[in-house]
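Below: one structure in structure tokens.
Letters are used for the chains, namely A, B, C and D, taken in the order the chains are written, and counting of residues starts over at 1 for each.
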């Protein structure tokens, strides 16, 4: 079947697929889970599991970033979030949790966007974000922080000074070619070239922008921005979106072509969107991702700062919010982070033992490392 | 993929797509929202935003038409609606709102069709509609009114005398070739040729009828009639309908071919249907529309005469109604019209800041005007 | 797009479409409703509207058959139903209605199948069915009755003697070639040849069986058996079914080929299934049907013997029922039969003014008779 | 239509279909139900109906296995389940049923996975499973038991000694080529060759693994593992799955090719998944299965040990459960096993008279045995 559909006279649209439409096909071989490695490495930094957090205050505090790092993943602190704006970010989060108190539970939105907007109206303080990053750094885990393209030039020096080892430059939609009349846009290529730390940049949704961003010198490119998920509402608000299975496959094609173009430079593809269960993590890798940027599934950790609430940074936009605030779990369902990531699970819904499940999915289909697993067979229900 | 499907032996059907099935794809470039223009122009009339109202009493009173005009859109008064039939239309609307009082909220229909039928059984009074139009005209905004093909010949002279500057000739399905045995049908071509004001005509659902209507001299053609929406029930009642994405693309193809045929006459395509959120507005333009005819989303304005209820004129048909009466919003969710159109929004559902969102969608995909944005890439989920 | 899908290695399945997946496309012409004829004729019998009733006791009593006939349709009495088994069928129906009394309303099933089975365990009495048919005949309308293939030979002589003018020979799935070891199967060809009245036979779901049945001399072939509808459960119970749009198109192809083969013998295609609204009636004709066999929509008539309950004859099967008993309407929503068929309607859901809506659908797309309307353009949402 | 879809640049996925997407097409011939045989034979064992049970304690106790055998099917005892671990398995089941007591009914999950995990933490006792098998054997029906690949070598000798006649070697996903570094994996080929009883092995999801397993000498291959069903959550947890219609068709292709390769060795294809109704049983055979492995539908039997609860063995996995525990029925809806299998039914939902319905589906489409029915025509709704 061709990938173009004529949706009307003289106009074609690309057929695109979500993670919910694909499934992994077992192959002729199975393998013991013990013989499987889920490790990956970006620049000099090695991780036991292909997990980067979405940089939302709902799941990443300095303490949570340390815990995630100690368990083999990478927590990313939002350098423009509550920890950068409030001396006591925990109090701010308590206001949110209290306001949600009488709300529904089980994946229904609660009207907390106005409160998030108010909390983000406080100015960013370099001293606060510096303190937060130093706290993570002191624990000995890899330190990462996120800035937006708009504020990258302003905030990055302080972040590096505080000890950031991996910089995440992330907006809803980022291009290598931002046009503006009344300000000097960020020149990504020179910005990255001037830095001594690896930069992960995104989100992108198409092959060409991925190529462009790879050519800026980025160490990793983020595909999606929580797309496909009812928390993120980019589709409702802007009409923009590419279902994640297709978006990841396209970015992986860019990675391959850029590798060829450069004779060997490998830029990582990090999938940010569409993941609700451990099965979705496996599918993201199967579509070609090197790692997943996890958001909502981590809100179930007892240590998550949002205490069960989840939102992305887009929820706090002052004039056009593009994320709901969603209670992910009933109060009594929180689990400790280690169990959430590695089990044992006592539920069959794919929400606990997230990376034990990835390991088993790889074993059941006969693959022993993440890079190989990107080639596993897929079916599609469309 | 071909656009024809063999649905049985020897019979093909055209594959057609709704706005909910397409999504806009970001491109390699992004742009500042400030550098984007959403303006458009029809004949001598220029508008800041590509917004025409569906001509229903639920959202357009003389006062509402003035407010919409002052904010850069075009309000269209229904010359066959309540303002044309009742000396105090507000009282009639109060009866409706009171009758709905104990009804459900949140997009469920209420059984108000019989009351609407009763209210529309009163005769049209030229003096009343003249007064309504003069009220709008006096405010200095562009004045538009809608007539049906059946009553166009009878009502138009009075409308023009009252000050109408753009005439909207609109029925559920309009053709350039109406056949009838016992009356002289409206000859659209000579009707339009004899007028001094631009005429917008529709709704149409296919390429050929769009071409025919363009050839009558119309300044704009309306695609759809609230199609794809649960308020409008043309599909349930008549089995007729073309999903809006395909319908808009086809009409845009007719616009292009007619432009070529005439060596430069540009007839505007106005999309009327399938729009629930700001994302749908962006998708309508992306499919090729020059402007959108908005209905239900405007029912959320505090100033909407229907006070949160929405229906189209087809709801009042004496023997075969084809529109439900639907409460669009809980009482405490109304916003002022300016905020509805331009924000700021404090909700992530795409229902507020409708045209700020369009501006941002264009910026995020690198386009600077409406005409260019019609070429943006699309994906389809089918 | 080809009509075959490879569902696995070496195995193809036919793509098939339901009425809910197709929509009618307006054409370049519109027409006045007054200039449209919905009449059709089978053998010597002419009807104002293309309506035959599904032969269920839920909607057809002798009185209801008379009322339907007087309004231009054809009511079919089930010669194996309650009127054939109980001296006072109304009492039997009252038992059903009473048993349903405390049940839900609004399209949910009630567990009345066991009671229907019990009521159908009574033997068929020739005197009772004779009396019922004579009652209809005395009113001067066309008289039709339904028998199953199993009992056709036994019951038909009495039915003809009582005055039946059109015989409906109907089972869930009927073929021209029934194989059985321990009894002589009905030879349809000689059975029909020996009769002086036109025979309508079905249901069928494919082209080849339709051709075979046309060759037996049938005057009409019934496509479907209430298929596509939640009342009928042939798919759940037997796994058998062809969505109605495809089934009707295929039967129409057989009609065309048989017409060619015989040099002019026109056998009518009657669609029995998938119809919930007036829009579905229009779509059935648009797919190629000459008439529709209506069931559930007629349960809303105040005169329907089931008093709002609906079921097909398959509900009473002694060991394998294949129809639910479903309350179609709240008690206060019944309308008189004339209004149900011809309006005026005061609701926008396509459930009232069923044939006024068909007339309008034809007018809006420019067609003036049923035969022409079979050629109208279609879109499909798949 | 081709069976490959390009889901992104340079990556294809196989289109796959579930049983819910296919329907059986009637053919030109019908037949009397009495002339239909549903019998099948594996090795020397003949069965009246193509029914093997899924080896879960929810539906198979020794007593239930006897009852199923006496009615013409094959009950499979789980040699690693509760009867192998608890001297009084009925008490263990009572604990489950009591814990579920206040839970919902009607296909909603209850949080009983932790209790199942606890009950399965008890060690397997050879004496207990021996006793259970001898009980079945004493009744004179064919005796079958299930082991996992991990414990097959350890448990099989005792099972054979106890009287097992057919061995079912079943895991979620089984291959002929299991790779492990720290233990000697089971060599299926020599394992099977050394046994005197026929071995049924699975689950598999693809053509190649099916071929490999057939080449190990298996008498039957199980396709799926309760796939497509909301009870089983392999897709949510592992992202793995192939919709059953495609999986069965592919396995049947392997059966055909293996038959050719060996010049006549026929290995049976047993479908385990996607069956909720009698219609699904018919569809499984129609796709190419020789028999179905039934699970949830048998939970409705009054004699089912789970007393209305259903789960698969994967629910008890100590660290990564992949099955919910689901109450299948309201308490008062249980039916005796004979009625469940052979009717009469007094409900139209396809849940009673499961194999009477299969017989009728074959008759209505003109087929007289299971092998022929594998060729019946299919439609697909995609």
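Criterion: contacts are C-beta pairs under 8 Å (C-beta built on N, C-alpha and C of every residue); 3 or more make two chains touch, one makes a residue touch a chain.
Owing to the predicted nature of the structure, the values given are computational and were not obtained by experimental measurement.
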| item | value |
| --- | --- |
| Copies chain A and chain D touch via same or different residues, half shared test | different |
| For chain A paired with chain C, centre-to-centre distance based on mean C-alpha positions, whole Å | 56 |
| Distance from chain D to chain C - Cα centre to Cα centre, in angstrom | 39 |
| Contacts with two or more other chains, residues of chain A listed in rising order | 1-2, 15, 17, 246, 382 |
| Graph class of chain-chain contacts, one of line, ring, star, complete, other | ring |
| Chain D-touching residues of chain C, taken from the complex the two chains share | 1-2, 4-11, 13-18, 109, 111, 113-114, 117, 172-183, 204-206, 208-209, 212, 233, 235-243, 246, 314-315, 318-324, 382 |
| Chain D-facing residues of chain A, complex | 1-3, 15, 17, 22-32, 34-35, 207, 245-250, 252-253, 256, 277-283, 286-288, 343-350, 353, 356-357, 360-361, 364-366, 377-382 |
